[in-house]
């Protein structure tokens, strides 16, 4: 062309465009339910972590009468051993959360690996892994946990392993479905065409795409793991040397807190478990919603556009 | 001749949240006369689809609209959805790009046409089925095939079925938004031939929205070229091609490859401006090969020129744009 | 199902061959089997004179750096989480070439300059969503040429792009070709093929029905299918309203391939013997061939 074409600067401007990278943070910022959930978890985690320093009393020391009533000194009263309930709950949270996080970690590693392998390789691998998953899915959780805890003996490590190997199935299925769709993306095919090996494709292109989903699943699984631990401890299958929230409930129950009318020994730990589970569900559910494009508003879903008054002709009006 | 459909200063804004707005359509005025064919061309994001969704009242709740849409001289936009609904399908019918989305996958094609007829009180029962057969025949589908499901149709057949549905209520205007974009050349030619004959036989006015200049050149009488939410030039297609009055029109033709014309097409450098902030000067100025000082300062208005055409370019005040 | 049946062509250094046809004609399958991304049932694929038809994936991997592909959709073919720098650098890391980090960065900059994303500094740290369609496709091309391949397969490289930027990307491919790159371009757009290709191969139902120098195929088509295809391409000049020769119906799918000449049911000039004879490509001029019994 003879025409001299001016080369304009490329029209790109730095602007925070919502990528999936920040989806967890975005979700917390934009959804009240996620913010509430995150807030609950944050408070609980901080209390648990700082328990040795902020707990008003020692959780092994008798500081008042057995089943002492709530008072200014002991806002939630005392338990069957005369131990301050507030301190006991803070310490109990520690164990419950440790078990919850550790068991979830185990189940995420198993579920993530199985899901990614099944979704990515497909075919026979997929078939075999999914049959195994189905198998685990139909095992009734609580009876198996009881049996294993009874055979191996009650210890924190065993509980973590048992809960971990029972909770990965739904994660595996969700991750598999997502990986299957990511695998078909053109840039994954392109990486294969470039000659990239499976490991590289999985770690560089597939895993980052499914990571937010894995996070949502992790948060939701923590709730289940904490609940399961509480149930096991309540049934007396918890680690006898560690005080978890379930153990607190069990103790109070065993020592006739109900018949004594000492509701403060049994209601607060139960309520605390419920609140933690609620926090996890709110946060995890919100992240999951944010990731699910089908729940977003469709282009032509609402025909409720707004009318504005006429604007006059002329450049000023524009 | 009086206009059948007229857009008068149509504006569309989209609310982007956080107090930001996208001014997607910036005062579009168009006239469509009965039985004529108008092409609305432009690149993606220029506002051509938003314009037709706006005139049909199909915009989402994040949109706000101003301006007038006159159908036979009556403003149908004034009352919002209430005043548009009676005219949608009945007077203004639309065919979208992806015909698969316009058809319900779990209903037979005939059932969907019958439903449209009954919904608009045109006919019902046996009469509606007979009419649906007629419509299918009119678009080149044997009436008997109406008993099939959309997925049993090929892409071209689906687009034909979508056109048959659009014609169900005898509209006077057919709006076709990229009707052939996803189709192969041969099927595209079949659909264009069909639109051509339908317009002739039924006296339909056609508003064809496309990014494909040659399609407009072959099918339409007039064309309006959109850029950055506004019409920069409109007029008879021949005049637009042989004597463009806006550099964008000329460059767009030069960017389009042609089968037999020698010389490689030349692309237009840069990309369209963002519409979520006020524009200073001519929106095309940064990409224009003829821009001068005035273009950065003053936004050109669409002016009427000789030969039944309009263009928004300062060069028309000083010299010829073409050449 | 035989998606592609007996397709033969060769591509020289610095040549641009356009594979043209309607969707479902097998042009994408052909391109993918050239790169061994789908496994051909039979036939022979030779790259640099060496047969790669049955080479194992392990041996194929070092060859992959010499043959690259650019996909149709630039919005899908770049990983949304990788910056331009990371995307263009990735092939180097996969093949463990390019030397040190600084040397690789130099190669990346060089590739970006070759695809006219200049100055590269403006783009290196961008993510795909910050770029326009044309810029993304250029990044994809940069990632394809950074290894210095000899063959580039471009699968509908511009069909998703805006009209105003298409020509630029095509001109870029043309320049790369002049630099010695062999380009196999798959397209449904005959106008594009006519402008940019050296040679055109027209496919119908898994077969090449006509093949020859681009200008000759466009100006003097020999196969009735090519003639019909050319006649329906809309011209950009409104005064050139030609009468298109519109074929009835659509191409049957590859499961039901007609007996005899596979085009005869839609052919406007079919003879009775076309039902029985499945014609081979016959010469119709220097380096020009068509599979029709009417070609003498």
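Order as written gives the chain letters A, B and C; numbering starts at 1 within each chain.
Assume contacts are C-beta pairs under 8 Å (C-beta built on N, C-alpha and C of every residue); 3 or more make two chains touch, one makes a residue touch a chain.
Computed from a predicted model, the values in this text were never measured in an experiment.
Trainee: Spelling it out: a chain qualifies if it touches chain A and also touches chain B; which chains qualify?
Mentor: A chain counts here if it touches both chain A and chain B, which gives C.
Trainee: With respect to inter-chain C-beta contacts, which pair, A-C or B-C, contains the greater number?
Mentor: Between the two chain pairs, B-C has more contacting C-beta pairs.
Trainee: With chain centres defined as mean CA positions, report which chain is farthest from chain B.
Mentor: A
Trainee: Using CA atom averages as chain centres, what separation in Å is found between chain A and chain C?
Mentor: 47
Trainee: Where the CA atoms of chain B average out and where those of chain C average out, how many Å apart are those spots?
Mentor: Spacing between the chain centres: roughly 31 Å.
Trainee: Note the residues in chain C that touch 2 or more other chains, in rising order.
Mentor: Touching at least two other chains: 132.
Trainee: Which positions in chain A touch two or more other chains at once?
Mentor: 10-11, 13 - these are the residues of chain A that touch more than one other chain.
Trainee: Quick one: which residues in chain B touch 2 or more of the other chains?
Mentor: In chain B, the residues touching two or more other chains are 266, 269, 271.
Trainee: Residue numbers of chain C touching chain B in their complex, please.
Mentor: 22-23, 132-134, 162-171, 174, 188-192, 194-196, 218-219, 228-230, 232-239, 241, 244, 246-247, 250-251
Trainee: Note which residues of chain A are touching chain C in the complex, please.
Mentor: Where chain A meets chain C, its residues are 10-15, 17, 19-21, 185-187, 189-197, 200, 204-205, 208-209.
Trainee: If we count contacts the way the header does, which residues on chain B are in touch with chain A in the complex?
Mentor: Contact set of chain B toward chain A: 9, 11, 13, 23, 26-27, 54, 57-61, 63-68, 77-78, 80-81, 266, 269-274, 279, 286-287, 289, 291, 298-299, 301.
Trainee: Help me check something: in the complex, which residues belonging to chain B touch chain C?
Mentor: Interface residues on the chain B side: 43-44, 154-157, 184-190, 192-193, 211-215, 217-218, 237-238, 240-242, 251-253, 255-261, 264-269, 271.
Trainee: So in the complex, which bits of chain A are touching chain B?
Mentor: 1, 3-8, 10-11, 13, 297, 299-311, 313-315, 317-318
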